[in-house]
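Alright, structures below, take your time with them.
There are two complexes below, and they share chain A, which is joined by chain B in the first and by chain C in the second.
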Partner chain A sequence: MATIYIDNQPYVVKDGQNLLRACLSLGFNLPYFCWHPAMNSVGACRQCAVKQFKDEKDTKGRIVMACMTLAADGTRISIDDPEVRRFRAGVIEFLMVNHPHDCPVCDEGGECHLQDMTVMTGHNYRRFRFRKRTHRNQELGPLVNHEMNRCIACYRCLRFYRDYAGGRDFDVFQWHNYVYFGRQSDGVLENEFSGNLVEVCPTGVFTDKTLKGHYTRKWDLQTAPSICVHCGLGCNTIPGERYGILRRIRNRYHREVNGYFLCDRGRYGYEFVNSPRRIRQPIFRSERSGAAQPVEKQAALEQAAKILGSGERVIGIGSSRASLEANFALRTLVGADRFYRGLAEAECRLLDTAIALLRDGPAPAASMSDAAQSDAVLVLGEDLTNTAPMLAYSVRQSTLQREIGLTKRLHVSWWDDAAIRQALQERRGPLYIATPAATKLDDVATEVYRAAPDDLVRFAQALAHALGAEIPPVSALPRKLAALADVVAEALYLARRPVVVCGTSSGSESLLRAAGNVAWALSAAEHRGQLCLVLPDCNSFGLGLLGGGSLADACRAIQEGKAETVVVLENDLSRHADQAALKLLDEVRHLVALDYLEHATTAAAELVFPAATFAEANGTLVNNEGRAQRSYQVFVPQGKTQASWRWLQEMMVAVGRQAEASWRSFDEITAALAEALPIFAAVKDIAPPEGFRMAGQRVPRQPHRYSGRTAMHAQADVHEPTPLADPDSPLSFSMEGSQRQPPPPLVPRFWAPGWNSMQAITRFQEEVNGPLRGGDSGRRLIEPQPDAAIRYFSDLPAEFEPRPDEWLLVPVDHIFGSEELSALSPGIAQLTPAPYLALSASDAAGANIQEGEKVVLAMDGLHQALPVRFLPSLPRGVAGLPVGLPGMMHVTLPGWAKLSKVTAS
Partner chain B sequence: MLTDEERHEIEAEAAQYAYKRAAGPEALKIVQRHRRWVSDQSLKDVAVLLEMTPAELDGVATFYNLIFRKPVGRHVILVCDSVTCWVLGYDSVRDYLSRELGVKPGETTADGRFTLLPMVCLGACDRAPVMMVDDTLYGNLTPQKIDEILAGYRAEETA
Partner chain C sequence: MTANDPNTRQNPHDLPPTGESAAKGPAAAGKKIAWVREPELGMAGRSYLMLFLQGLRTTLRHLLSRKTTVQSPEQRHVVPDPLIYRGVHRLNRDAQGRVKCVACFLCATACPAHCIDIVPAESPWPDRQKYPQSFTIDELRCIFCGMCEEACPVQAIELTSLYDLSGKSREEMVFDKAKLLSVFDQTKDAEPMTKGTGTFFGLPVSNEGTPGPAEK
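Moving on, here comes the complex of A and B:
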């Protein structure tokens, strides 16, 4: 610890950090631009000036940049010194020379770091009377808007995009007054994290283009803490609503999970909530194929009661994108043994394997922050950018860790970002990636290995054997590959915090188990081997813990006559079931569905209940590390929409089973869940109960400057409506309430006096980059078994053999398109590729297939004509099939398929 | 498309550095020596050769004011507008040249012979006002001297 003196007052701060960070952690208002908590210092903007004194006798002092100066023991500085205050105001005045004074029409207005800093420095009046330089803006695609005139040249955007996110199509051009940040020419930003520019840029140069389509200022948005529903990582978000329309998603800092950033799928996938395909009212079809009749709530429930009857021969199909509470309610309605998970058999097996690895072995689950801080990472079978985007971002950061350690001898502080990158040049790693095809992380990989899934397993087992002699060796591995396995094993062994990343997307259980072997062998060797397993959906883990059969089991129950009524919860079964299974479900006597959007399953159902989305109901989701996190309702939806668990509860009441479903509020159902299934015991404690108050008040979803509430409904009623009640949380649907900082799970927005932008975040953290005040939210539901005897897996498939006229189809994931809900948002839909089949150019040439040509793909349960796209990195005999794209059928991969050319007839 | 000669020169330059992209400025100069300016197409070709993206290389190209990203005339006239020249009559030199050539600073004559550009400091304050035509520096400029210099370039080409 070091003692520093700020305006003659002593403060104790952590060793080794810079003065800006120390001052912000201490709560001082010190302005800055180019520094960012996740990107450290470059000393470019000169805004964070303070006066430093040699000792207590020094009265003259000298101006230094706080972000570039070590907070060493005994450092004496002044923030309030008049000269340095003038200096800071002068810097702003210079920045303002070219900055247009267009706040009223700027989307950043009201949450602008430049506005805040301008006010903070006291530069109030403009003296500059000349022409300002102007730029031409670029068209950067459907997600990010560009307005270059507002740029103050802090370089944050470029540093984020290029140095942190790995994008190479964005740069800085020209010099002096003309510096220009953008692409070389107009076009869609290629990087999957480009939406973060919106938050990283301290001005209105980069703003959210989807928000622009239904613009609302921050102060007019109703917000609540939420969890992203578009992959299994559970990034923390802040959705904002006004007039019943969800308007945007912003990052919600969580030290262990997503830090300061989101991926573009998560940020821009929200618009499905406003989709015209929303189901807003119960629907009844007197004949299954007949027209849909909107019905009243009561009539729908009576109909449901009729169908469900005594509850015999009723089965329930849950969902990996529905909350724990919704799944639990369905499970209660139908009974544990008649609850199915709504996943294909292979999906269930993969999920169970992954959870077992984290539950039964010694290796703890790695959070995203663990992955980012790891000094050696092995990725097995996952194309992270497309299956777990923010994890890809974390792994990219990990590649600096070891090298930063090595630069210590250069006496460069770890926060001196430009110096560190200059010293490192292109040295990165170790990061090893073994996947069937190229990934977007390959550019920072030490080495990559491309092979069919079975060969990946052999490779992983060979390297597991190198770490743990008990694991059987792999014979007949090609020499070069065996050598690579040794190199990787050594790199992991020598690391302080090695992380093994694998997941379910490759479709190979053996690969998961081999990854487990590697991590366990590292743990056994007293190295803290961590395991990071990617799961497909926002509540895959929760559903896995809840248990239940697969869709195949459900089909068997139907075939055996054990089920004639099926209740499907928030699930488009065509995404998980093959044609035969779908047909069976179609023919079942009664099909009841609950969901928010129309799809194949709701179209076939006799009774459909309008379910609330993540923004319209509370829910608990369990992310891929097993962390249960609470997501809160943001707004009250239109029509009859309500949380699925409420519909299910009302159905139980309608059939006279109120005793079993006595939950009236969210707290009551989580308590019932915790009691029924001890694994979920912690779920009721992850956030304060509904009765929680701060100084007797609720936490307001609307900010203190929310405008127009007496007017916004005046066309319907001149009397101001009473705020809607929230029986489910301590949040209110109004501006009334405590403005104090609530406990982390309840933080509805980041906003502090003088800090209107997202940069207010440092006011909510215990220290810069620390947990939010009150500790990290969410709770892990399973912990590793450090002392359990390790039982290694001996899976060893035979070497992959290409077949003469068949291809092994492997799944290809797409960040934009593979996930069901985000793909329905217009911005994401624009970036979604059309269905295709991927072949390596040489395989295609061998089969005399041209790029773009259509081929017919035939495999068990699937027959589809698709245009061919070349994916050069695919191994021989392996073809790629994009998964989950709109228009693609479900099929279990990997699997063998025949291809035939479409004849011209 | 780069010529073989350009490619070889650039590759030789790139071979001197640990990272190919370090040869960016030199590679652009090579192209400019052969073509007088760097077109979008040339920029893309060089980027491929140096394993850079067009954005990365254009960031380099547009940073240097003597890498021309627009076509220039056969001779580029740089007129110094820095302090000493400014004190000693840069504006009359500039205006005279403008009149003589019939172009404003930043423009190229209709016959494609001359491009007139302002330049901050040619490092020859002792001979101010100065200008540079291609690689040759001319100091102590007067209207008469400028006439002679321009005539020389015109004659050279018609000869």
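Moving on, here comes the complex of A and C:
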């Protein structure tokens, strides 16, 4: 700890940080531009100037940049000194020389860091009255808008995009007054984190393009804390709504999970909520293939009661994208033994394996922040950028960790970003990636290994053996590979916080278990080996803990006549079941579905209930590290839409089972869940209950400056509607309520007086980059067993042999397209590739197939003609099949397939 | 000014501090807080005599002054200066007859009665980004404070001197964009738009459009 003096008052701060960070942590208003809490200092903008004094006798002092000065013990500075205040106002005035001053028409207006800093420095009169330089804006694709005239050349965008996110297609051009930040020419930004430019850029150069289509200012948005539903990582988000339309998603800081950023899938995937394909009314089909008739809520419930009858021979199919509460309600409706998980058999097995690895072994689950702070990472079988994007971001940051440690002897402060990068040059810490095909992280990897899944298992097992796992050695490993395994083993062994990353997307259970072996062997050797397992959906983990059979089991029950009514919860079964299973489900006597979007399953259902999306209902989601997090309703949906658990509860009431479904509010159902299944005991404590009040008031979802309240509905009804009640949370659907900072799980937006932009975050943290005031939200449901006897997995698959007339199909994930909901959002849909088949060029040449040529793919249960795309990194005999893209059918991968050329008909 | 004005700001912890981290913050230093005491009332103040006499004087003055009551509606009240009167709103048009509003939401935000509602859309014209797709003022909820007029950076919304605002239903008094533009058409000759004497961020603002950087 160090004592520093700010304007003659002593403050105790942590050692080793810079003055800007210390001042912001202490709550001072000190303006800055080029510094960013996640990107540290470069000292480029000169905005954070303070006056530093030698000792108490020094009255003259000298102006220094707070972000570049160590807050050493005894440092004396002044923020309020008139000279330094003039200096800061002057810096802003210079920045403003070429700034267009078009706040009223600027999409950043009202949440602009430049605006805030201008007001903060007190520069309020423009003296410059000459021609301004202007730039040409670029067309950067469907997600991000570019308006270069507003740039103040702080270089944050460039640093984020290139140094942190690993983008290559963005740079700074020209010089002096003309510096230009953009691409070499117009075109879609290639990096998967490009949307963060919107929050990173302190001005309106980069703004959300999807928001532009239905623009609303920050203070006019109704917001609530939420969780991203587009992959298994559970990033914290802030969705904003007005007039019943979800308008945008912003990042919600969580120290352990997503930090300051989101991926583009999570940021721009929200528009499915506004889709014209939404189901807004209960639908009844008197004949299964007949036309859909909208029916009233009561009629639909009566119909449901008739179908569900006594409850016998009813099975329920849950969903990995539905909340714990919704799945639990279905499980209660049908009974635990008749609840199925809505996942293919292979998916269930992978999920169970992953959870068991984290629950039964000694290696703890790594959060994203653990991964980012790791000094040696091994990735097995996951293309992280496409399956768990923000984890890819974290792993990219991890490559600096070890090297930053090594720069200590150069006496460079860890926060001096430019100096650190200068010292490091291209040196990166150990990151080993073993996957079937190239990944976007390869550019920072120490070494990559491309092989078929079975060979990856062999490699991982060799590694585990080298680390001391009690498993037989892998014989007949090629010499080079054995050497690589030794190198990787050594790097992991020497690391202080090694992390092994694996996941379910490769489809290989053995690979998961081999990854577990590696992490466990590290743990056994007293090296905190951490395991980070990627799961496909936002609530995969929760569904896994809830248990239940697979879709195949459900089909078996139908075949055996044990089920004649099937209730499907928020699940498009065509994404998890093959043709035969779908046909079987089609033929079942009654099919009831609850979902928000029309798809194959709702189209076949006799009765469909309009379910609420993540933005329209509360829910608890469990992310890939087992952290249960609460997501809150943002707005009240149109039509008859309501939360799935409410529909299921009403169905139970309709069939006369009130006693079992006595929950009327969200708190009651979470309490029931916690009681019924002890593993979920913590779920009811992860956020304050409905009765929570601050000074007797709720937490308002609408900011205190929310405009047009009395007129926004006037065209429909001149009477101002009463604010809607929220029986499920301590948040209110109005601007009335407490303006104090709520506890972290309830923070609906980041705003503080004088801090309208996202940078207000420092006012919500206990210290810069620390937890939010009140601690990290969410709670892990499972803990590792450090003392349990380790039971290593010792199976070893045979070496992969290419077959002469068959190909091993491995899954290829796409950040844009592979996830069901985001793919329905227009912006993301534009970036989604059309279905294809990936082959390596040499394999294709061997089979005499040209790029772009159509081939027919034949495998068990699948027959599809697809154009061929070359993926040079694929191993011999292996082909890639994109999964989940619209228009692709479900298959269990990896699997062998025959290819034949389409003969011209 | 507000808490972020460097000249008056005393407590950087603008939000009520929570948790212990705040205790070490500058709020704890508690500097520059001056306690002000109410002045004591003297004998004259406590007897109310002076105040009573002052009140009587006002009454007398009005008894003797010229009568200003107008026999409305037979007689019409003449607004002395229509340009500063705060009556019904109008949405101004530019030289080409297009709505001048750029959908910035400043009027809606400034409105203390929250009675202005604007739905923006991307503008069909190249010289601006947004325009109001719909613009609604609930004239019954409006308190005619003129804050909207004051806030508008492009002089698109103005309060006219039309004061005899009435209607047969509440619905009728919800003015939409067309109606607000028609008020402009009715009043534009009698009350020309504010001339380009205003300044916006220190720049003179002309009526013919907002100043912007010249195209390169």
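Following the convention adopted for this analysis, the second predicted complex is superposed on the first by the 904 of 905 C-alpha atoms of A that agree within 3 Å, B and C clash if a C-alpha of one lies under 4 Å from a C-alpha of the other, contacts with A are read in each partner's own complex, and residues count from 1 in each chain.
Note that in this section a residue touches a chain if its C-beta (ideal position, glycine included) is under 8 Å from a C-beta of that chain, and two chains touch if they have at least 3 such contacts.
None of these values were measured; they are calculated from a predicted model.
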Does chain C touch more residues of chain A than chain B does, or is it the other way round?
C
Mind working out whether A:803 is in touch with chain B, chain C, both or neither, as first, second, both or neither?
neither
If we overlay the two complexes on their shared chain A, which of chain B and chain C does A:280 touch? Say first, second, both or neither.
neither
Using the touch definition from the top, say if A:753 reaches chain B (first), chain C (second), both or neither.
second
Which partner chains sit in contact with A:168 here, chain B, chain C, both or neither? Use first/second/both/neither.
first
Is A:425 contacted by the first partner chain B, the second partner chain C, both or neither?
first
So, does A:589 touch the first partner chain B, the second partner chain C, both, or neither?
neither
Pick one for A:712: touches chain B only (first), chain C only (second), both, or neither.
second
Both chain B and chain C contact which residues of chain A?
none
Contact footprint of chain B on chain A as seen in their complex
168-175, 180, 183-185, 425-426
Chain C-touching residues of chain A, taken from the complex the two chains share:
6, 9, 11-12, 25-29, 80, 85, 100-105, 109-110, 116, 119-122, 125-127, 129, 131-136, 149, 212-213, 215, 217, 219-220, 243, 705-712, 714-715, 718, 739-741, 752-754, 763, 766-767, 773-774
Chain C to chain A touching residues, read off their complex
2-7, 9, 12-19, 21-22, 24-27, 29, 31, 102-106, 108-109, 111, 113-120, 122, 128-130, 134, 136-138, 140-141, 153-154, 170-171, 173-174, 176, 201-203, 212-216
In the complex, chain B touches chain A at residues 18-19, 53-56, 58-59, 62-63, 65
